[in-house]
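Here chain A shows up in two complexes: once beside chain B, once beside chain C.
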Partner chain A sequence: MNTAIKARRARKKLFGNTVFHGFGLIASFFFLAPFIWAGLASLRSNAEAQSPPLPPWPKNGISVDAYLTLDTFGAGVWQHTMNSLLVSAGTVVLTVIVSILAGYGFSRYRFPFKNLMFVLIIATLMIPFQSILTPLFIILAKLGLNNSLLGLTLVYVTLQLPFSVFMMRNAFDAVPREIEEAARIDGARDLKLLVRVLFPLVLPGVVTVAIFAFLNAWNEFLAALILLSDNEKYTLPVLMTAVRAGRLGAINWGALQAGVMVMTIPCLVVFLLLQRYYMRGLMAGAVK
Partner chain B sequence: MTITTASPLASIARPRRRASMRQWTGILYVAPAMALVIVFFVVPLIFTVWMSLHNWPLIGQPSWIGLGNYTRMFSDARFFSALGFTAYYTVIATIAIFALAFPLALFVERQRTGVGFYRTVFFMPVVVGLATASLLWVWLANVDAGVFSSILRWFGITGRAANILATFDSAFALIIVMVVWKIVGFTMIILLTGLQAIPADLTEAARIDGANAWQRFTKLTLPLMRRTLALAFILSITGSVLAFDQFYIMTSGGPQNRMISVVYYIFNQSFVSFQLGYGSALSIALLGILVTLSVVQLRLLRVGDER
Partner chain C sequence: MSDAKCGMRLQNVRKDFGKVPIIHGVDLEISEGDFVVFVGPSGCGKSTLLRMIAGLEEVTDGSIEIGGREVTDLDPSLRGIAMVFQSYALYPHMSVRDNLGFGLSMANVPKDEIARHVAEAARILKLDALLDRRPGQLSGGQRQRVAIGRAIVRKPEVFLFDEPLSNLDAELRVSMRIEIARLHKELGNTMIYVTHDQTEAMTLADKIVVLREGRIEQVGSPREVYENPDNTFVAGFIGSPRMNLLNGTIAGKTIDIAGSTILAHAHSLEGHSAVIVGLRPEHLEVVTAEPCTLAATVDFSEYLGGIGYLYCQLADGQTVTVEQREGEDYKAGDRISLSWRPEKLRLFSADGARIRP
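Take a look at the complex of A and B:
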């Protein structure tokens, strides 16, 4: 009797597990398939590139034709990858520095209009940057920063600030003041205190800020499309519009798949390696 | 840039001076962030208003036309069709995303082996750029070199190769599928945080009281998740209203120019026709719409709290 119930329970559990993982695996397939398909198809030779990818893998051996063709667009794929990397790295470094300073200032000091300033920085979240691109285009030209990667980087840093300053202020708020006082007695002051003592303590917050800065700068399209006018300065997404437009009315699909891979892989690597920090940032944003 | 104003403080008595020194140090720390926000956000914002009152060509002198751009806006049929299309897209996309995000959130909420893997996989498209996703899907949907038309033919749904991007309805459906694939993991995680915040003993108590799964979901889970739901709605709606990349990359404005979203229309006016003044006026309109939407949604959220 008892064993029969146990057996029935076990069977029910097995059935539940099968349904659970069956659904999970099918859903996973749909989410992963486009990436896998494009990744495999990008390794086909030029001769195959224009035909439907069924099956997706290369039939005549692996080839890097698609990546070589991609290199013939614009100023070469290296140049544009470097542009994207430069802008993303610049955005990460500047965002981290500026938001650490601001987070520390907002967390530890009292000064006039402090709350007003904090609210002003956070309130920029309410305003979509798409609506200020037209004047931004003219202001950057006045500053001599039009069509420059530095100008684009500064715009991206500004867009990252509300989230980053909020994150860093919370990170500093969570550090006990006793640690700071002890370090102060030991003679560490101001910037030295910040860099040597506090930085390691807020490092998880810094990583979160850096990941979001990198992904947003790497992926951004509209501002780059508007603010960069020189072929050689294009970041990867802007370069890809040239590939998408095609030559003489024909689109090279191999080059497009290769470009998609070049843009996708860094994002997935960063996300998979630092997922914990990414999710923390997302939760912090969601709870707020 | 604030250092010059610090000198008069030297004459003030010593203890005061220490306090104000500290104040200035604080301001120094936040100065870079404030400078960036002012130069690249506040000034452009004010400048948008100023530009919107001018006829502002790319080359040549801008001329004051007062509210001319705004009166023009109200008689601009193409602007209203862009508004209409954006509203249509926002409603359909939001419904589609939520219809899938909720079941997925309930699925990944369970404590089972492998659930972490599923969460990661469902989330992966989120970290890829919308432009990248659009490029990937425009290839998948291509009639000659893509996947979908061959698959549709295999299953006998279409007789010959179907050009999905050629008609409005199929192209629109494709963009919705792409956006759901790209965004649903994000909404799923937001909803998951809400689900996890519900105390387990509450659902347990309801179960003991004899409430079935559907009753527990509608009477307990949904009301308790009101804040999370509101947040997810705000993010989904504002994101959809600002859509640009997918229409620009996938359909270039779509069959018969029917897929021009509001941001796309502003882009065209400002940077294709170079009517920067009119583009600014349209931007102000967009800004007004978004702020109104956010305020209304936050108000609804607050009303929900009081109950």
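Take a look at the complex of A and C:
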């Protein structure tokens, strides 16, 4: 009797586990399939590049032809990757610095029109940035920053800031005031307070801001296309459009898949590196 | 102008939040080495006053001196104070060792010296085994000890405690209370302690400061504020269960309370038409017949083992609590007479001020 119940329970548990993991496997297959497909396809040789997409894997051995072809577009894939990395890293660094300072100010200081200003900053999210590209172009031209990666970086930072300031203000709001007061009594002031005490406590917020800033700057196309005019200054998304547009009407699908991989890998690396800082319970033990 | 013995001096200290006055001109002098407890109901400004002493709240007006030094506008870290917060406020990303040493490292104290100070504080508070843990891995009592340790390491002139025990469970609270008392004896510093817990106030304090609505109602030793309250507020606030405060009217040289006539004893009733009679529950006695008595009806009684309480009602509806050490049991509805020793009677004028004999 007892063993029968146990056996039934074990069967039920096994069934539950199977369904659970089965569903997880199917879901992850759907998410990973495009990447696997593109990755395999990018390893086909030139001869295979124009053959039908199924099966996606290379039939005559692995080759890096597609990547070599990709390098013949624009100023070479290295140049464009470096451009993209520069712009994205610059965007991340500037966004993080400015949003930490702004978020701290909005969270802790009292000043006139604080809430109004905060709402105004958030409200800029409602403006589609395509609609302000022309004025942005003119401003950059006046500043002598048109057709420069620095100018593009500044535009990305501006676009990234409303969300980031919002994130950082919430992150600072979550830090108990007493910790800051304890630190002030311990003699930590201003920058020291921010760096030694508060920064580690808002790290999850900083990581979120950094990941979003990186992904958005890395993938942005329209502003890069319009604000840059030199071939060797284009970022990867612009290069990719050139590859997709093809040469003389012929699209090199192998090169395109290679480009997809080149664009994907840094995003994965950034995410995998930073996601472990989303530590839960970081604040545990601080108060109460 | 202050002598070396002066631990702290507050002069006409005021605090407004916007247009709302929170602290209305507090004057207070604390001698060096005193354990001073601020008590009062919530919202009375006791925490605000402490935070002003710490430098965490700006002072609207008045001056604060610590150890003979004017500190009113000084940065918190330069005032020679250390504070223990109700919520501990430990740095969660640092080990206990770093939590303790943080203040010294901010003051650029050499590493070996920091290590020595940390080791000493850890020894005093028995934290030696926990130095490499993070606050998240500690129990509530251990966290509070770390918070106190962080204060000790700074070697302050004055320790400030903001309700440090209210997050702990009852048992731990008692042992931490004893630990704080021991610490005061061992270190001999001036300590200011904010609480709303009377037991903490009575047991720890050399001096109790009773606050209400941003004003000091009375300053005195625990015995003074208990036995000799300045007004009905202090009389009712200190002591549990609270003092019976009965409204009476003057009839010649006697006081009439709900139909019972009682004597004013040594008090002069001149110039009053109504008074408030204060009698502590433990000073009331159930008697069969005596000239000076109060007639009451038992509402219900509580038996707590060693003692019991009778909750009674007078003819006009005023309630009286009586503490009973021994004697017979009374049931609801029993009519009793209450008596007291004349010197235990406290008289207050109708506006609450004490009428002293």
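Just so it is clear, the second predicted complex is superposed on the first by the 234 of 288 C-alpha atoms of A that agree within 3 Å, B and C clash if a C-alpha of one lies under 4 Å from a C-alpha of the other, contacts with A are read in each partner's own complex, and residues count from 1 in each chain.
Note that in this section a contact is a pair of C-beta atoms (placed from the backbone, for glycine too) under 8 Å apart; a residue touches a chain by one contact, two chains touch by 3 or more.
All of these numbers come straight from a predicted model, not from anything done at the bench.
Contacts of A:V207 after superposition: neither chain B nor chain C is touched.
In the superposed model, A:E178 makes contact with chain C only, not with chain B.
When the two complexes are overlaid on their common chain A, residue A:L40 makes contact with neither chain B nor chain C.
Of the two partner chains placed by the overlay, only chain B lies in contact with A:T264; chain C stays clear of it. Between chain B and chain C, it is B that contacts the larger number of residues in chain A. In the superposition on chain A, A:L133 makes contact with chain B only, while chain C stays out of contact range.
Of the two partner chains placed by superposition, only chain B is touched by A:L215; chain C is not.
Using the contact criterion defined above for the overlaid structures, shared-chain residue A:G187 touches chain C, although it does not reach chain B.
Of the two partner chains, chain B is the only one touched by A:W253; chain C is not. Taken together, the two complexes place residues 282-283, 286-287 of chain A in contact with chain B and also with chain C.
Across the complex, chain A is touched by residues 22-30, 32-34, 36-37, 39-45, 47-48, 51, 104, 107, 110, 112, 114-115, 117-118, 120-125, 127-132, 135-140, 142, 144-147, 149-150, 181, 185-186, 189-190, 193, 228, 231, 238, 242, 244-245, 248-249, 263, 266-267, 270-271, 276, 279-280, 283-284, 286-287, 290-291, 294 of chain B. Against chain C, the residues of chain A that register as touching in their complex are 176, 178-179, 181-189, 192, 196-197, 200-201, 281-288. If you check the complex, the residues on chain A that touch chain B are 17, 20-21, 23-24, 27-28, 30-32, 34-35, 37-38, 49-54, 97-99, 101-102, 104-106, 108-112, 114, 117, 120-121, 124, 126-139, 154-155, 157-158, 161, 165, 190, 215, 218-222, 226, 237, 240-241, 244, 251, 253, 256-257, 259-260, 263-264, 267-268, 270-272, 275, 278-279, 282-283, 286-287. Contact residues on chain C toward chain A in their complex (touch as defined above): 54-56, 75-77, 81-83, 85-93, 102-103, 106-107, 134-138, 143, 150, 154, 167.
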